[in-house]
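For reference, chains read A, B, C and D in written order, and residue numbers begin at 1 within each chain.
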Amino acid sequence: MQLNRTELLHAYRTMAACRHFEESVYVNFSDGKIPGFVHLSAGQEATAAGVYMALEERDWIATTHRAHGQCIARGMDLQETMDEIYGAATGVCGGKGGSMHIADLDKGMLGANGIIGATGPLAVGAGLSARAKGEGGIAVAFFGDGGSNAGMIFEAYNMANIWNLPVVFICEDNGYAEATSSSYSVAGTQVARAKGFGMPGVEVDGFDFFAVLDAAKEVVERARRGDGPSLMHIKTARFYGHFVGDAQTYRAEGEVEKLRAEKDCLKLFREKVVGAALLSDEELDTIFEEERQRIENTTLASQAAPRATKADLMTDVYSSY
Amino acid sequence: MQLNRTELLHAYRTMAACRHFEESVYVNFSDGKIPGFVHLSAGQEATAAGVYMALEERDWIATTHRAHGQCIARGMDLQETMDEIYGAATGVCGGKGGSMHIADLDKGMLGANGIIGATGPLAVGAGLSARAKGEGGIAVAFFGDGGSNAGMIFEAYNMANIWNLPVVFICEDNGYAEATSSSYSVAGTQVARAKGFGMPGVEVDGFDFFAVLDAAKEVVERARRGDGPSLMHIKTARFYGHFVGDAQTYRAEGEVEKLRAEKDCLKLFREKVVGAALLSDEELDTIFEEERQRIENTTLASQAAPRATKADLMTDVYSSY
Amino acid sequence: MPKKTYRAAINEAMAGEMRRDSSVIVMGEDVSGGTGSPGEDDAWGGPLGVTKGLHTEFGPTRVLDTPISEGGFMGAAAGAAITGLRPIVDLMFVDFLGVCLDGIFNQAAKFRYMFGGKAETPLVVRTMYGAGLRAASQHSQTLYSIFTHVPGVKVVVPSNPYDAKGLMIQAIRDNDPVVFFEHKAMYDDEGEVPDEAYTIPFGEANVLSEGEDVTIVAIGKMVHLASAAADNLAKDGISCTVIDPRTLSPLDEETILEEVEATGRLVVVDESHPRCSVAADISSIVGEKAFKSLKAGVQKVTAPHCPVPFASELEDLYMPTVEDVEAAVRRTMA
Amino acid sequence: MPKKTYRAAINEAMAGEMRRDSSVIVMGEDVSGGTGSPGEDDAWGGPLGVTKGLHTEFGPTRVLDTPISEGGFMGAAAGAAITGLRPIVDLMFVDFLGVCLDGIFNQAAKFRYMFGGKAETPLVVRTMYGAGLRAASQHSQTLYSIFTHVPGVKVVVPSNPYDAKGLMIQAIRDNDPVVFFEHKAMYDDEGEVPDEAYTIPFGEANVLSEGEDVTIVAIGKMVHLASAAADNLAKDGISCTVIDPRTLSPLDEETILEEVEATGRLVVVDESHPRCSVAADISSIVGEKAFKSLKAGVQKVTAPHCPVPFASELEDLYMPTVEDVEAAVRRTMA
């Protein structure tokens, strides 16, 4: 916990923005204002805030379908991000990608991905680019507990290790892949799997922003030093279903309520920093409210944003025709 | 070494047959009498002899492109096996499969496979069948050191473990995948990788028939008891190139000669059993010569065997049209 | 006859066959849903509920939730199929074929041939295809053309609940690998479906209506566009034959050729991208074998040669429409 | 002009571009051959020696032997391509697409579109295709039709050393993903190849000969069959136009249509399985857009709808022959 005030405020602001963003998406998706499928990361904000605080501009990230919070934490334009989820022409991907394929290459964000497991190899490739560039950048691959069983992830582990690449693998384990529990689908442990490839791994409490940040700093620094890849296994939980609309009957009764009460990373952050007298409840409340307002404005703007037209359908298939 | 005379003789006969078979294929391929690509298992006979002695009729095996010896060890008809490699109509697959896809489902042999990594999932499937049948059968997946980096292998590890299937995974590590050394391509160790999935693994000296047999018996028994999958990592070496025609300049000078002199599993077997006065040099010589002769006869017959005709081209695509 | 949804028809086919034959198993991601979880088992029955109830009735050894390892479980299904089981594998979206095509096209599809006719591989791969749900580029593709290209695979695309049930039962009883395409926007479609088991043979097209002027062959969900277009055109005195091939491999060439010989004109409607598509395939077969009967070039109505866009407006533009079909028919009459 | 093999032409193209542009890298199984081994590095240069020498010249950071992890390294190449490198990936046999198609068709091919035009993915996938080497079902397939089906991928099939070099340089400089098909039985073919760099634009067909009676479009190795058939037919007074499209996506429709308009007859020769093939594709395009010019149905010459058999006799029967092409031409004249 060696963060200064500005950093602490920034961390909380990020988590608050993520939370409000997802709640706005939840409400508006449920109201039929957002098309498609959306996968919300509410509950998992400490991952986004903690990991991304350890990253730098020169780094690349390949992430999952559950990426809204990470886009915010990466500093992508909030309006463009929300617009994309609404499929507006002003979205960061012109509305062609949507929630599952939101990307911002200028920010090193290689995209959310609709294909589970694809992020591992993409980050290995970005790691090759980072090494070739020689500017000290690293690459990060996110995947879920479910994604941890995809063959491409292990192939990526192996390649990153034999090539000693500046790659960090992050298994963001929220306990479920859709309706299937990771206690069933994952043989062995994430850390032992990493060790199988000669790679260090660390398990982290994903409800604790500070634990995430500390662990992230370590693995990121290791990669940046040229000491090779590592795995971070973040144990967390989602506050909503797999996608909006999931009735979640596979979860225990009261599971989500209990999580919200006891394992809310925003609350736990607040307890820590207020307890240590680093920040006050009032300033946190102000930030929380500011972000609520900012997301509300963004939401309204997205709903009014211009839409793509016929001229857009057949552009961008190739860069040269 | 609790084998009786008959078993010892059988083991040696199997290895002798494998060796002569591969040498015949080598000569005749080099002479242009065998079409396609052939991958020889000479040097690796202890794997075939040892593992298959631990198996029973009710078991299933999915194996690799380097499978001639294993076909013999499985008791497939020698003539049909050789015929297949020549592409004769009398081959076990009617000449349609060849060396890379030789199979004999009646013997539980699910085939050599041209796709690296495919054997892991196939054995998991056979393990599901074995469990459904409830007759105590098990399934074995072979793959090489190179194959050990294929994502499907890890997916198979995971499935076999979460379902606690009667499956044995065998990494037959001859040190090379084509021209690439396993010291380069494999991060971590095979045994540690298995442990990553909560599965026991054992490294075995693949030049020592008895070591292979003992280890195989243990993992096979474990699977048969219902205690789940295991990994055997057999360290061995091939006496020929990746395929016939490989100039092998990636190998150390004198490497193969040294292997032939010091690590020939037939010679090491002989030293052990003759040293322990279990068998005599003479009877082993006789067997070796008998098998030479048998392979020679088989070879001549394969060269004279009838060939497929136009009528065969379009049959067997579907079982119903 | 009782009315049932497309979803219910497929579910009923699987349940019935599982009752009849204990070697039929179901595997895939969340085909039960809830395995290992603290709440309900059989919580999902697949993301759109098509396998709902099977886990409850047949238990976890016959209805297996799999890890997210399509390459692994597709290969496992192939291995199970040649060793005595009859797996029905759920490949949630056909878009995921990029990680599991091997088990289908190099393994299951080739065993019989490579092994000299000695293997049977009774494998059914159920998979969702098609656009319209705003699921964007990686969850909306129509990829049956890829499977139709591959010998050894049978390809089935039911367009309505009745066919879905009969074709699914046939698929499960068939001894060859079958890829069974379910359009994700059709699950709630209703139709008359008998309670008892029945099969629809592969390679027998369904002729929905017979006309004099133009033949329309349409695949899967596109059949409904074709019928709507035919209805509209009838008002203008243009009478159309509408054919649903039901299976793309084997393809009922005879029926298509006969009907084209009668009308002399053909439009093929296919939700695929145009190049190397089923539309191109049928067009080329007719162009080769019924050339003399053709009064006009065969017209294709397909999706465009671009990925499926997310934005609703763009996806609507992407999808073939009834108007597109009508325009194509009129082009053949021009 | 110096004579060079198809192998040497491709090698030279890669070496030249690697010298010119340090962001070009090569990766694949044994593209060097010998990494970590006690003997020589660059021992193989790929199983058929096409990348031989690159590792020696450019070293291990630009020429990477990969593990047998096609899914992984294809995805890695896609990731490298959108972050500034220009990878040339060796997919040893196109038959292995079943474990790595995702990186090509869902990632590389879709990035640009999904990301609203903001991505460039300069990726070249080199791969061997085709039958004739007795490599049997899983190492002999001709699968470019699958890639041609997918928007966002460019598909190149050079039929001779000159084209191979010019198309490879173009592929490396192109900012879109390109799949480059090399027929494994053509590496020793010789032809005139300039030493200097040159590019052949994509989407420009090569018209090998102009005739009056029949147009033959042939792909890759089949171009030689088409030319041989044209020579034979000339003796009988039948004069053929022979077209090599060189790239299947984009396809030079204009040239094909023009030539068919001139002759009124078309034969397409393609080593693929027939269904949903490039042969079907070109046939259907012509059948739709040049119908009025056609005097006969477009004839396809393809491999049959069965896996590639191992036995030499069967594989020879499997392959399209010069006689098949001649017969098809005669059918259009009947």
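To be clear about the criterion, a contact is a pair of C-beta atoms (placed from the backbone, for glycine too) under 8 Å apart; a residue touches a chain by one contact, two chains touch by 3 or more.
Worth saying up front: this structure is predicted, and the values here are computed from it rather than measured.
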Hop distance check: subunit B to subunit D, minimum number of steps through touching chains? 1
Among the chains, which is located farthest from subunit B on the basis of C-alpha centroids? A
Report, in whole Å, the distance between the mean C-alpha point of subunit A and the mean C-alpha point of subunit B. 45
Taking the mean of the CA coordinates per chain, how far is subunit B from subunit C in Å? 40
Rounded to a whole Å, what is the gap between the Cα centroids of subunit A and subunit C? 35
Got the subunit A residues that touch at least 2 other chains? 91, 93-97, 101, 113-115, 149-152, 155, 158, 162, 184-186, 317
Spell out, as numbers or ranges, the residues of subunit D touching 2 or more other chains. 67, 69, 71-72, 95-96, 98-99, 102-103, 106, 110, 113-114, 136-138, 151-152, 304-307, 309-310
In graph terms, with chains as vertices and touches as edges, which category applies: line, ring, star, complete, or other? complete
Using the touch definition up top, name the residues of subunit D that touch subunit A in the complex. 23, 25, 61, 64, 66-67, 69, 71-85, 87, 102-103, 106-107, 110-120, 151-152, 154, 174-176, 250
What residues on subunit B touch subunit D, complex-wise? 35-37, 87-89, 91, 93-98, 100-101, 113-117, 146-147, 149-152, 176-186, 247-253, 255, 307-310, 312-314, 317
Please output the residues of subunit A touching subunit D within their complex, sorted ascending. 60, 62, 91-97, 101, 103-106, 110-111, 113-115, 118, 120-126, 128-133, 139, 151-152, 155-156, 158-159, 162-163, 315-321
Subunit A residues within the subunit B interface of the complex: 149-155, 157-158, 161-162, 184-189, 192-199
Which stretch or stretches of subunit C touch subunit D in the complex? 71, 95-106, 109-110, 113-114, 136-138, 143, 145-146, 148-152, 249, 251, 272-273, 275-281, 283-285, 287-292, 294, 296-300, 304-307, 309-310
